[in-house]
Amino acid sequence: MYSFRNDYSEGAHPNILQRLVETNLVQQSGYGEDEYSVAAKEMLKQKLGNPAAAVFFISGGTQSNLIVISSLLKVHEAVISAKTGHIFSHETGAIEATGHRVITVDTKEGKLQAADLKDVLAAYSMRPHVVKPRMVYISNSTEIGTIYSKAELTELRDFCLANNLLLYMDGARMGHALTADSNDLTLTDIGQLTDVCYIGGTKNGALIGEAVVFNNPQLGADFDYVLKQKGALLAKGRLLGIQFLELFKDDLYFTLARKANMLAMKIAKAVQEQGYTFLTPATSNQLFPILPKTLISELSKEYQFYEWEAIDAEHSAVRIITSWATEESVVDAFIAAIRQHK
Amino acid sequence: MYSFRNDYSEGAHPNILQRLVETNLVQQSGYGEDEYSVAAKEMLKQKLGNPAAAVFFISGGTQSNLIVISSLLKVHEAVISAKTGHIFSHETGAIEATGHRVITVDTKEGKLQAADLKDVLAAYSMRPHVVKPRMVYISNSTEIGTIYSKAELTELRDFCLANNLLLYMDGARMGHALTADSNDLTLTDIGQLTDVCYIGGTKNGALIGEAVVFNNPQLGADFDYVLKQKGALLAKGRLLGIQFLELFKDDLYFTLARKANMLAMKIAKAVQEQGYTFLTPATSNQLFPILPKTLISELSKEYQFYEWEAIDAEHSAVRIITSWATEESVVDAFIAAIRQHK
Amino acid sequence: MYSFRNDYSEGAHPNILQRLVETNLVQQSGYGEDEYSVAAKEMLKQKLGNPAAAVFFISGGTQSNLIVISSLLKVHEAVISAKTGHIFSHETGAIEATGHRVITVDTKEGKLQAADLKDVLAAYSMRPHVVKPRMVYISNSTEIGTIYSKAELTELRDFCLANNLLLYMDGARMGHALTADSNDLTLTDIGQLTDVCYIGGTKNGALIGEAVVFNNPQLGADFDYVLKQKGALLAKGRLLGIQFLELFKDDLYFTLARKANMLAMKIAKAVQEQGYTFLTPATSNQLFPILPKTLISELSKEYQFYEWEAIDAEHSAVRIITSWATEESVVDAFIAAIRQHK
Amino acid sequence: MYSFRNDYSEGAHPNILQRLVETNLVQQSGYGEDEYSVAAKEMLKQKLGNPAAAVFFISGGTQSNLIVISSLLKVHEAVISAKTGHIFSHETGAIEATGHRVITVDTKEGKLQAADLKDVLAAYSMRPHVVKPRMVYISNSTEIGTIYSKAELTELRDFCLANNLLLYMDGARMGHALTADSNDLTLTDIGQLTDVCYIGGTKNGALIGEAVVFNNPQLGADFDYVLKQKGALLAKGRLLGIQFLELFKDDLYFTLARKANMLAMKIAKAVQEQGYTFLTPATSNQLFPILPKTLISELSKEYQFYEWEAIDAEHSAVRIITSWATEESVVDAFIAAIRQHK
């Protein structure tokens, strides 16, 4: 059985393990003061074109989200998210557990628009009987594979600026977003158009690790305290620093994401050629093709993937995910299996 | 400069890195459902002599403490700790941040005794105007290097049973405790005498990782939810499982801790032979010798360690820590430098 | 201007003030240990037919909700509510501020049904990536004036029992519910069909005050601690005890509610006779007639009420509330004004 | 039996009840928008000499403390208090329940000094492994009857200003403090020397009610949200407004406190004349005389008071509290009983 269930089925890119082995016995300061973490933060600030940014490394996405959000909101403030947003759908109430409501919006493609935010502000106007919306959470790429265009992100940013809202981008799959065929955003754009974001490592070649970036460093002035308080400050911070050093050396991060996208597009093309459609646009490394149940049943004999949603008596949408580690030969065999079905 | 500042200055034991490399591209389920984690949990239950125990892997100690404690206490309940306890002294209010008071006790050697607990219960008797003490937090070895004897732990356990208190042991350095010369506890004893404990990997050979053990599995029945909610459930749980598999294969964990203790005792012997005393008994891999400031000044030219506490105009206590990675030749040179001083 | 905006525009029923004056200088124990509170609790247990119930007095509804819910849920557990439920719509995220998600359900009449709960359990099945639904919150009467029948409540209760869910009834307007024409529930039924409820005083004759009742006293065993911790334990608890003593003497509580309902029904009848409809069924003391904007405009010259929701270009729904203190002559004048409009 | 156990054994000053009766059926806006609350806030700002201050009414002291503190601290920040401070000793962990550590200081007379704060800052310097001290909590009068002088308060204020600390005064017994014989502070001084304070009504003539004052209104800009979120916004806010209107009309508030103090001083004088000493200086309406157990035993036959602390085999300190409602004739009888003892 080969798994297309997610992009964290394998370990790390070999370069990372190699570097861990090479540096293993060099003594380093603890708690992120090691030289690798320091160098990795510098490198990221350069790539973002923002030398003043404040960068912190965190083990995982849920942890990043809950620490960023709880460090920025006051007790009566709330964060707005698409209903499909990871903080609402798959983080076991992590944000509420820090005391804040996640205000949700139904969306078509998992993306928030300025009009959605306007509606939320109207619905939450009956002060003081309602929470105060203060932050906007978006994912890029989204949990259903779509991405934000520069125009869309700029519109959101403008609305946020005009309405005293902070804009936070969850970039668990930022690599896949920025290397998608239809993407027109750069890392520098992200640095300029969001207040805070995180650049995800776990789903793109790292063992663990996300880089939280405060593009406005004032917002992160006391973040080190919160990092420690929530249990996220690793004694051996070198583990995170080394990974980001390797991922951003020679833009390996983008090379890996591009490969994942390319393999996904190969599958998407085959799906389309067979006349099947998609639940959400096939854009990055997460695909949601709507397939006949008979095909799903056949594919399931050799491949693992999620059955996402029943469509009708004979069709379901499935979720297929590729990654930096996906083998092209397996993708080709998978495509062949799709084509053989009739 | 060579560092005796802590036991997390290096990476992981080479066996661990080797195993990570070997298994790197094997596809595994995420979120701790991988075969390594499953096998490591089984192995730990065997070692603890408690097949019914519930085991969970977590990245670090602060995270383990806050998740265990917040998952077991109701909103009005509190945990009792020595004032030197890590949850009170060095975790940025992590426990209070989950809503619970840490009730502190002044102690001589960082260890709680039944008499201390009795005093706390008396001081917190004015229901409902005070919190309800419900859990006892102890560290073994303690933050100042001392360890619990079987008699001491048994007395605590009996008091807890008689007073509806849960007993939780922070084993960040459990390896060093259980391999200290004066120790008479076994891992099985810990399993029988505590309700919950964690077995620390980070400070004894792992890159990251602690194993939380609910010796009473009922207490951990819903722990998976809380693990996820607090951001501690790693997508690539294999990273934790593989490390514990290696650490407990052929009892490497205890071999490493024994080495750290042995090197510490070598230093302690030299310190004593020079006529110096200790702030706390020299028992495990953390030493707190009281040295002349002139000697401290000389040693500081080549070695890093913490100046812990000023004693008088001419003496200070310092903290010297050894680990599995400490080089014996450096220890010998350090001892020679102590002996040369007059 | 006369206000139909809410049922808390006036002070307390005169009997209450009289009793406060009479008992004012009698020395009493503090913190709810006074003889009036003790007697009032006994009286309520009798009325509920449950001598084992645990009763506590609290100043207001939001406070009651947040203390009850936060005292009963573990950190990873959530409460289910209709989207119109007060805890979701008008309490400034009070429940989330204690760390718990409010899972919402869209409903037609503000009431939850077993089928809704079943859907929620299905949607929240992906353990441990989602919160665990553990409590069901219902209001009776609801925030939009409707009430639960005995059959409906029994069905909910059965579903809860079968699915390990606690059933909590917010009775801010329980008096109005139990005295509505179409009601078939008694206070004893409420005591048997819910795990916890509160009987609201503020909106039915008290200055402040709600009586929280744990029909299963085990659930309230430590409630006194939480009451104090959340700032709800009044030093002069007599203020609450005296009010409930008066409200339940000779069933004044139900007499007052019945009057409010009767006046509302009088208005409802006139509204219907004029051919207007209602947004939600006219059942108790909260009415939501859909009126021509021209009529609304005229009525607004002499009466205050909320414009609730725009219906079309020419009609809006308004909210009209009557209470124990509403003057029947004003109601008659209001009805006359409705009838005169054409 | 007559009780000297506390200053909340009776109801309210009769003027308050009278006014409640007079205004009872006047319709008013809810949630503190009533005309009495508006007028009472204006009156208080005048008395404080700070027209820009932001004033809010809250039912009780624990509630005031937890809402003020949780609204002003970020998640990693802590509040400093004397160990005898009410927030640490008698509020069931209310502050920790909102996520913040209470850093305690041992004091002689329940009062904090700048030197204490300096020590705390030194002890909490190991960023980011410790919480960040951000607020100083003081009570005036203190929980053991002592009061702050203008010089002491000014010194604290200066230290706070120089060290980015907020100064918050719990004035549960502010009336008793400001009317004590040795007092040299005015309400205007309090307004200028603290960032936030509350003026306590419950222990000085009100049924319930404390007035929270943000002397720096910026700090209270969003306080209304938090008030509602924590369940403190009364639907019938008139209950609080009317009480403060009456209490500050013709300075009744100070007249009542002065009477309580005068009666306490009468007792204190008799105690001294008999040669007994005090645990803490006899300054305001809380006395802690150290009496022979034989005398305590005799007095206990007719009077209620707390046995506070055992002193030696034959003596204990007791707590005697007088209030606005204490009868002078009873005080005289009590004094006579003290004098008769030999």
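For clarity, chains are labelled A, B, C and D in written order, and residue numbers in each chain start from 1.
Note that in this section contacts are C-beta pairs under 8 Å (C-beta built on N, C-alpha and C of every residue); 3 or more make two chains touch, one makes a residue touch a chain.
Being a predicted model, the structure only gives us computed values, none of them experimental.
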| item | value |
| --- | --- |
| Least hop count linking subunit A to subunit C through chains in contact | 1 |
| Chain whose mean Cα position lies farthest from subunit B | C |
| Centre-to-centre distance between subunit C and subunit B (centres being mean Cα positions), rounded to whole Å | 51 |
| Distance from the mean Cα position of subunit D to that of subunit C, given in whole angstrom | 34 |
| Computed distance of Cα centres, subunit D from subunit B, in Å | 43 |
| Set of subunit A residues in contact with two or more other chains | 75-76, 91-93, 97-99, 128-129, 131, 225-226, 228-229, 233 |
| In the complex with subunit A, residue positions of subunit B that touch it | 2-3, 6, 8-12, 14, 17, 20-21, 23-30, 59-67, 91-94, 97, 202-203, 207-208, 225-226, 228-236, 238-239, 325 |
| Of all residues in subunit C, those that touch subunit A in their complex | 75-76, 78, 89-93, 96-102, 126, 128-131 |
| Subunit C residues within the subunit B interface of the complex | 70-71, 74-76, 98-99, 127-129, 131-132, 222, 224-229, 233 |
